[in-house]
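Heads up, the thing below is written out as structure tokens.
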Amino acid sequence: MTNTQVTLIQIDNYGPWTVTPEPRREVDLQTLQSRLYADLSQLFGNREGYVFFSRFDNMIAVTNGLDADDHALIQESVANRYPVTVSLGIEADASPAAALGTASTQLQEAGSAQDAARTEILRGDPIPEPARTGEDVQIAHFDVNDATGKYTDQLNEFDSFIRIEQGYASLMQHMRKAHEALSFFVGGDNVIAICPAMDEEDYREAIDHVREDVEVELKVGVGRARTAQAAGMDAKHALETCRHEETAVEFRTQ
Amino acid sequence: MTNTQVTLIQIDNYGPWTVTPEPRREVDLQTLQSRLYADLSQLFGNREGYVFFSRFDNMIAVTNGLDADDHALIQESVANRYPVTVSLGIEADASPAAALGTASTQLQEAGSAQDAARTEILRGDPIPEPARTGEDVQIAHFDVNDATGKYTDQLNEFDSFIRIEQGYASLMQHMRKAHEALSFFVGGDNVIAICPAMDEEDYREAIDHVREDVEVELKVGVGRARTAQAAGMDAKHALETCRHEETAVEFRTQ
Amino acid sequence: MTNTQVTLIQIDNYGPWTVTPEPRREVDLQTLQSRLYADLSQLFGNREGYVFFSRFDNMIAVTNGLDADDHALIQESVANRYPVTVSLGIEADASPAAALGTASTQLQEAGSAQDAARTEILRGDPIPEPARTGEDVQIAHFDVNDATGKYTDQLNEFDSFIRIEQGYASLMQHMRKAHEALSFFVGGDNVIAICPAMDEEDYREAIDHVREDVEVELKVGVGRARTAQAAGMDAKHALETCRHEETAVEFRTQ
Amino acid sequence: MTNTQVTLIQIDNYGPWTVTPEPRREVDLQTLQSRLYADLSQLFGNREGYVFFSRFDNMIAVTNGLDADDHALIQESVANRYPVTVSLGIEADASPAAALGTASTQLQEAGSAQDAARTEILRGDPIPEPARTGEDVQIAHFDVNDATGKYTDQLNEFDSFIRIEQGYASLMQHMRKAHEALSFFVGGDNVIAICPAMDEEDYREAIDHVREDVEVELKVGVGRARTAQAAGMDAKHALETCRHEETAVEFRTQ
């Protein structure tokens, strides 16, 4: 069984800030958002976690192995470097979606995301060290078969992008509904999903679903480990095996 | 009539680089991609352009006012700071999709995006200064009505994200097919579209389409100017007018 | 005659901020300072200016070609991305030190650098466009002869560093007193000086002074142009000529 | 007794890279250097270490608590994000200068810093975990008494800077010769020194020396701990005590 620790990262009162006193320059907002994401990637990543940019003002992290102090330090480090602050909700569950649900509720109960008085909330229950296992995190790394040959080198770049987006939208919904998994586009033709204990058949069905739904052909490597980083790296190696063996689903565990 | 100058930015041979000699750590790739995007935002933004991250390995910019030398300097600046290089294709057209189509073809003709020997290509035809007008760029800035109240403060963050993504997927396809416009998610509940000369009725139809298709309620501010930055800032101000007046479509021109 | 436009960049109320409510983590301060400097390098650099980090909380820029609007935009861009703001004082003079003196006075008259109420000051007089000439900026790029062979590959790194620092301290004081030039260490064994209209003999004397004072052997390339960037690039090329010709002083002008 | 673990960080073949095929733009070099330093600050800092920029192409870190694997991961992370690579030499000693001396020798023996074939060297002996103690690292944080009132708000910024630099140059040499300590300017009017087991009298003498030598008045807070970060934070708190109590030397230990 998995036990995924999920952290919801919410920029405090961000919407109002972007238009106060008047709309801020878009290039500066884009710079701020993408750098904050890059920094969080490093801050969580240096502690074996993964962060996904999702909506940028709300980001989702897999944080098995990080305790409340680690989260507090990351929160402080953001405040020391940015004009905005972040609130953090933490929860673990066999179902990634359920974990994120509770993490979301914790922040919602502390006040609205656009309440200027609700800042730097830190709530939740990291997994105690003795309760952690080597099967807590299951990560699946999907990509599109021959995306460069079929799309990038053939289509208008925007039409390539639409194809990739359609594949992602179809996959994210299937994985959410059928498995309570959380799937994130991570650039190129890659999607990384935070999964419960899914088996090979489940992944084949997901790939079939996307092919039938939007005619995008995926393959997937799956890793399982104590932390997001270890599971994610296994998933990448498994995906390389798919590439070399021309298979659709590969697992690799430590 | 619009005359949008579009630049396709393609990281050279990026896919193979990410797995050579073996898969690179995901947190470093995420950091690299989002920082490169932040830097391009500033490099183009300091010259009145806009860049969208789209797939990150392929980014799309609106570059009215930037000539070939400006592009060459940006290309050099990336090579001076990153372990990867970029190729650039430039084209202008009344149809943003057509401009991007030609820009894409220019790079495709120079070789595959995954050809190690095809690096730092710079091709295309910036608009000569005398041919530029104050109506060259039309930018529409969409957001979701009360996204914080309806989604962020109510739903599981991932389900909020799915709602936003559905709205985006529906909008991007409608705008592409009906108007040859290019629409990009830019964080939060915001989408920025690079449009041809669309009128108020066109935008109302787009909003209606998304409501009927996926039950997401949008509003939009539209700006028109000589450069992306000026048009984009007008669009933001127009969107603020929508917010205050509770209207669905507002134009603001200089 | 030169006419160097100098901008003093001062982080507002920075000292108190670093220890309020209690001392902030040094790694975050170092990250903040060096990134702010990197961003200013790009913001001024994209407009043909040069910035030197000097004390980091006070930075000095050569800004020929930037008007008040350019400065205001840079100021806004910093506020949009950092937890601190900056004040700017601008002045031009044949003497770089005199220009900086007036720029300093402008900020001092607006209030103390540690007055919480004195923020985002922008004062001064950029050179009007018609008054600019191709000889406004003279930049000298010094380095140490065979620093790698004599120091880096031979000495304890700290002792190499002490040697370089001694050379820099001697040069900066001589150039300031004898010529009202402003000299900045820029990494490695390199010093860049913002100079008035000095001639070859003046540079030979400076090199002789440093050799006699602290036994460090320098060479120098000098450029003169309308902007810092053009003069600085000429200086670099001139320094390459010194290297190949084994000469001590070279000029290159456009 | 202290046992400071020092890491020398050397950018591989950096000098030649900066002028190949011709001199690279200074603003890009400055951006590269200061960002690389910021990243190393975070990479070492997230593991309780401190990094000093010193010459930027050669940086010096205090790394108690980081083993060879931590160093390898940092080295890999730099290669994944920058156009340059770094070599690392590690050594611990009661004398910080002796530790750095051995670390320097390790890299020098592997080849010249400007040898294109000598890249990503990792050599040295981190302290084994059982040998570590709570007194391994002694850090002193100096600043100038009333630098803002006496210098920043009174003098031309460059003359303030010369005063601070003189204080630093005098202190760094005294601390090196009298105590084998390594002192680094860290911005503003702050110097952080990596010290052997010095006592209060030693620090009083250092302050007296600088006052007599260059008429700059310092105070100092000293911390001692298992890691650089803990010792450094103690030093900052001790310096705050100096400020409030108007004393010249304060110790704080955990």
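Should a chain be cited, it is by its letter among A, B, C and D, assigned in written order, with residues numbered from 1 in that chain.
Throughout what follows, contacts are C-beta pairs under 8 Å (C-beta built on N, C-alpha and C of every residue); 3 or more make two chains touch, one makes a residue touch a chain.
What you are looking at is a predicted structure, and each value in this text was computed from that prediction instead of being measured.
**Q** Among the remaining chains, which ones contact both chain A and chain B?
**A** Both-contact set = C, D.
**Q** In terms of residue numbering, is the interface formed by chain B and chain D classified as same (over half shared) or different (under half shared)?
**A** Interface between chain B and chain D is built from largely the same residues.
**Q** Report the chain whose mean Cα position is at the greatest distance from that of chain A.
**A** When every chain centre is compared against chain A, the largest gap points to C.
**Q** Chain B to chain D: how many Å between their CA centres?
**A** 43
**Q** Between chain A and chain D, what is the separation of their C-alpha centroids in Å?
**A** That pair's centroid distance is 36 Å.
**Q** Give the residues of chain A touching no fewer than two other chains, as numbers and ranges.
**A** Only 25, 28-29, 31, 35, 42, 46 qualify.
**Q** Hey, which residues of chain B end up touching chain A in the complex?
**A** Where chain B meets chain A, its residues are 8, 10, 14-15, 18-19, 22-23, 25-31, 33-35, 37-38, 41-42, 44-46, 50-51, 53-58, 60, 97, 100-101, 103-104, 108, 112-114, 148-149, 152-162, 164-166, 168-169, 172-173, 176, 182, 186-189, 192, 229, 232-233, 236-237, 239-240.
**Q** Quick one: which bits of chain C touch chain B in the complex? Just the residue numbers, please.
**A** Of all residues in chain C, those touching chain B are 39, 42-43, 46-47.
**Q** Enumerate the contact residues on chain D facing chain B in the complex.
**A** 24-25, 28-29, 31-32, 35, 76-77, 79-83
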